[in-house]
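Listed below are the structures to be examined.
The same chain A turns up in both complexes below, where it pairs with chain B and then with chain C.
Entry: the complex of A and B
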């Protein structure tokens, strides 16, 4: 029983790290622009497919393809921003419609280019086991993604708290008009947020390609999961995203172990509803929560 | 005979010949018909991969039929993407009915085929498929619904293999969809009746980390074999988790979408020694003339070897085309005679003998089991159809 519980907690922790990596880009963009980018999952997927293309066509280790993917996903993210910035009325609802549409376009572009087959890395190292004390098991890809994700999130958190641009993002998140009066250029800061989100999406894409499987319909699933975690965390809270994601990962994993794997999504949603019932603005919400 | 008479006779001959030729051509033109078939398939969404596979088989059947009946009849197919959505599948069927198709071939996923075939039934249109094996589909008793495969055929193959390897304890890990749940239940009940200890574990389609589940199987069930009932994505997740946790099993056994060329190429390390249902070995060995032509046409159209989805899509469409031609010849096509003609089907096909019972099911359907061995898929069960020896006990790790 103890072995089962420990493995469930370990798997849940790693799954939480993976969920957080996917969700944090969405949270950052929301924190800056009050826009929910429903194409975020598709951007993550695009990065995964770039890794696949690099590995299959050129035999490149997926990690080495990160710079190329960053350029492509960054360009796609900048395009999303360019289109979003043209919305001047009912920004929140219209941005939802726009990004949802862009997500569909990206999914179908991926489907057209790479077909509907499932893919994952063929690099054996990522699939090799990590065994801790003969009790805890994981793949190298999962551990590497978890550690890399933590480092990236810590970097984003530090950037938001200690750099001028990071403070400008937070200022913009708190009060756009006041921040503008204080000399912050909203357009520059917003596009910077989108590019940072693209960096996070690129890393998440590589984590998925090396540790899971990718297929064109996955983008929407990722967006939904990221959205749930972002709301659970408190819209825009970066540390909250990590904690919320780990909570979801652990509750899902414990449900699989002690109840049924078919109930894991339900368990995650019950947790989500309970948290919102107790704290309607999420775990770390309560207003403009970026970086808190 | 005067010159004038000869000229008159020649003119008469030319006129008669021209008339005869025009009548012949006219009659020929009246007999030559173009038949429009409809196809509703998931070409996008989570079932896009299988939908596209079936679409390729349908395209091959149309191509071969047009070649075989060139100058007499021609066939076209109008395809609508149901986006892996039951509601859109119903709308697609209604659109196809409006466009005047003679019948529908396609559909994937029992939960999608259910409402789509119901819409076809309401319109009195034949719906033939190989993409839905849930027993409930034929239990409805719709006279216009036909399928060439079913849960029984897959279950028999899985049970047969598990018995042949002498498994005393089996853990069944299955996806909580209609078809997969039915199959898992059927396999579980049959094995239990034969004295095998069975543990069942249901999972959701959103599951991407199977380690907690496989750890439970490893530490609590301790089976001889793990039976997997799901789709490609699920198999990869289960096998990866098993490769990490290394449960002491002797065999990893799955069903559809597993013992395929695609999986052998995409996941060579993960697939070694894994079993799955397969009609054909890989590389494909075709001997019958129809099968050779099918493979050649498939290669020409898609520049790759055919897989099981293509085979099933081809067979269902070929049978439909045959029935359409018979009904047309009998003059019953426009009078709703197609279901009756399909029910008269008794054909040897790429997937074996096909007949249809009253409910539209194919009672002859039985599958074979293949095993991944060194990048190939070797048929290992039943013995009569095997083209190689089984690696047992053997797992991918």
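Entry: the complex of A and C
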């Protein structure tokens, strides 16, 4: 019983790591543009499929496919930005629907190129298991992605706090007009936030492809999950998003362990609604700017 | 003739064509009529979605929730309690409206928060329908749901009869929508769309109005879902709560113009028939991509939808003709 619980907690923690990389990208873009990019999960999925295509067609290790995926996802993300920035009328509703439409395009493009089959890496190393502390099992890929994700997020966190451009991102998030008056070029910073989001999405796509399975409908699921996490964390800070992501990961894996796999999504959804209704600014206060 | 008269005349002609012309033309062609009924089913949800978006200012990504609840309520009432099918269909709408009570806390959320909270409800309802096996038949679904009966010599269980039912549902929904929009409620809702705080200050109970719009939208969607259940006589959770019941109506409403009453209906017919007759044969997998492209193109180039764009164009040409 205890062992089962510990294992569930451990698996949930690892899953939370990659959920967080997805969610931080969503939150960054929301910070600078006040727009929820509903195609964000599809960008993650695109990266995963690039890794898949590289591995099956050219026999390239998924790690080596990351740069290629980065270019493709970065271009796609920049395109999302270019289209979004053309919306001026009824911005809130129209940008939601635009990114929703872009998500449909990406999902169906992936569906028509790679069919609806479920894929995961054929590289044996990623799927070998490691044993942590004698009792806890995980795949190499899960541990590697978790550590890699933490390093990446720490890097973004440092960048947000210590670089000029990172500060500009935060300034734009907290007060657009004032930031612009202080010499921040909003368009430059907005596109930068989309590119950082693409970087995180690429990594998350790699993590899913090596540690989990990918299929076309997953993009939408990831977007929703990332949104739920940012709601839990209140769009506040990277550490907050990480905690929210681990919470979702743990709750899901406990649900799968003790109830049923079909209820996995339900747990997250209910938690999401409860937090929305009880404390709409998130569990960790009403912070708006990222990284604090 | 003023535009008001022109509009009324257009509506009467459209109704005559819909009630008399279409059954005469396609009555014998079960395939085409089936497609039109399916398109109108989408249209019904699209009208309800647009009502919520236009009057209530709320974007929902979870109308499948109401569609599913309506269809299951009606099917279960007719199958297990022997409620007459037409009455069950209306009760399906009531069931969906009642389910919207659970969403009342979501009304104070804005924009994406509301949209995704409703999506969460749709997921939760779908899982509940799957897990409540004794009532809903679980993942296996419900088979041989009673069809519509024959009344006054018209067999409503047939394709033509079904067509007349869904057409009537849409016409009544559209008229109800129009009536609300013209009423003092409509005015208050329009004011709310501009500035909610100011509207509250002058004493408009904005939350009540939004709740009423949500319930009305849920009712229409529920009735349409219930119609569909009895028309195809089969239900399963993945189908009844499918995201298709959200995606297609949104595309239809945006395409036709979600700030107009009849735009979503035109949009649904155009989008569904194009999708099924043109794009599906060309690319069997991923043909919904075209919907995404249409959706994005509309938002970018004509956010008001096709109907207002056409009307603007017609007005422009009329001006040129006069000059």
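We take it that the second predicted complex is superposed on the first by the 273 of 292 C-alpha atoms of A that agree within 3 Å, B and C clash if a C-alpha of one lies under 4 Å from a C-alpha of the other, contacts with A are read in each partner's own complex, and residues count from 1 in each chain.
Going forward, a contact is a pair of C-beta atoms (placed from the backbone, for glycine too) under 8 Å apart; a residue touches a chain by one contact, two chains touch by 3 or more.
These figures come from a predicted structure and were not determined experimentally.
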| item | value |
| --- | --- |
| When chain B and chain C are modelled together on chain A, clash or fit | clash |
| Touching partner for A:138 - first (chain B), second (chain C), both, neither | first |
| Partner chain(s) touched by A:32 [first = chain B, second = chain C, both, neither] | neither |
| Touched partner set for A:21, first chain B, second chain C, both or neither | neither |
| First (chain B), second (chain C), both or neither touched by A:115 | both |
| Partner chain(s) touched by A:92 [first = chain B, second = chain C, both, neither] | second |
| Contacts of A:124 with chain B and chain C, given as first, second, both or neither | first |
| Partner chain in contact with A:256 - chain B first, chain C second, else both or neither | first |
| Which of chain B and chain C A:237 touches, first, second, both or neither | neither |
| Which of chain B and chain C A:210 touches, first, second, both or neither | neither |
| Chain C collision site on chain B, chosen from 4-12, 58-66, 94-102 or 238-246, when both complexes are overlaid on chain A | 94-102 |
| Touching both chain B and chain C, residues of chain A | 107-108, 111, 115-116, 262-263, 265 |
| Complex contact set, residues of chain C against chain A | 53, 59, 61, 105-106, 108-113, 115-117, 119-121, 123-124, 127, 130-131, 243, 247, 250-251, 254, 283, 285-289, 291-296, 299-300, 303 |
| Footprint of chain C on chain A - complex, ascending | 36, 83, 86-87, 89-90, 92-94, 96-98, 100-112, 115-116, 220, 224, 227-228, 231, 262-263, 265-266, 269-270, 272-273, 276-277, 280 |
| Contact footprint of chain B on chain A as seen in their complex | 3-4, 7-8, 11-12, 14-15, 107-108, 111, 115-120, 122, 124, 127, 129, 137-139, 212-213, 215-217, 221, 253-254, 256-257, 260-265 |
| Touch list for chain B against partner chain A, complex | 44-46, 48-49, 51-52, 84, 176, 201-204, 206-213, 215-216, 219-220, 232-233, 236-237, 240, 243-246, 262, 266-270 |
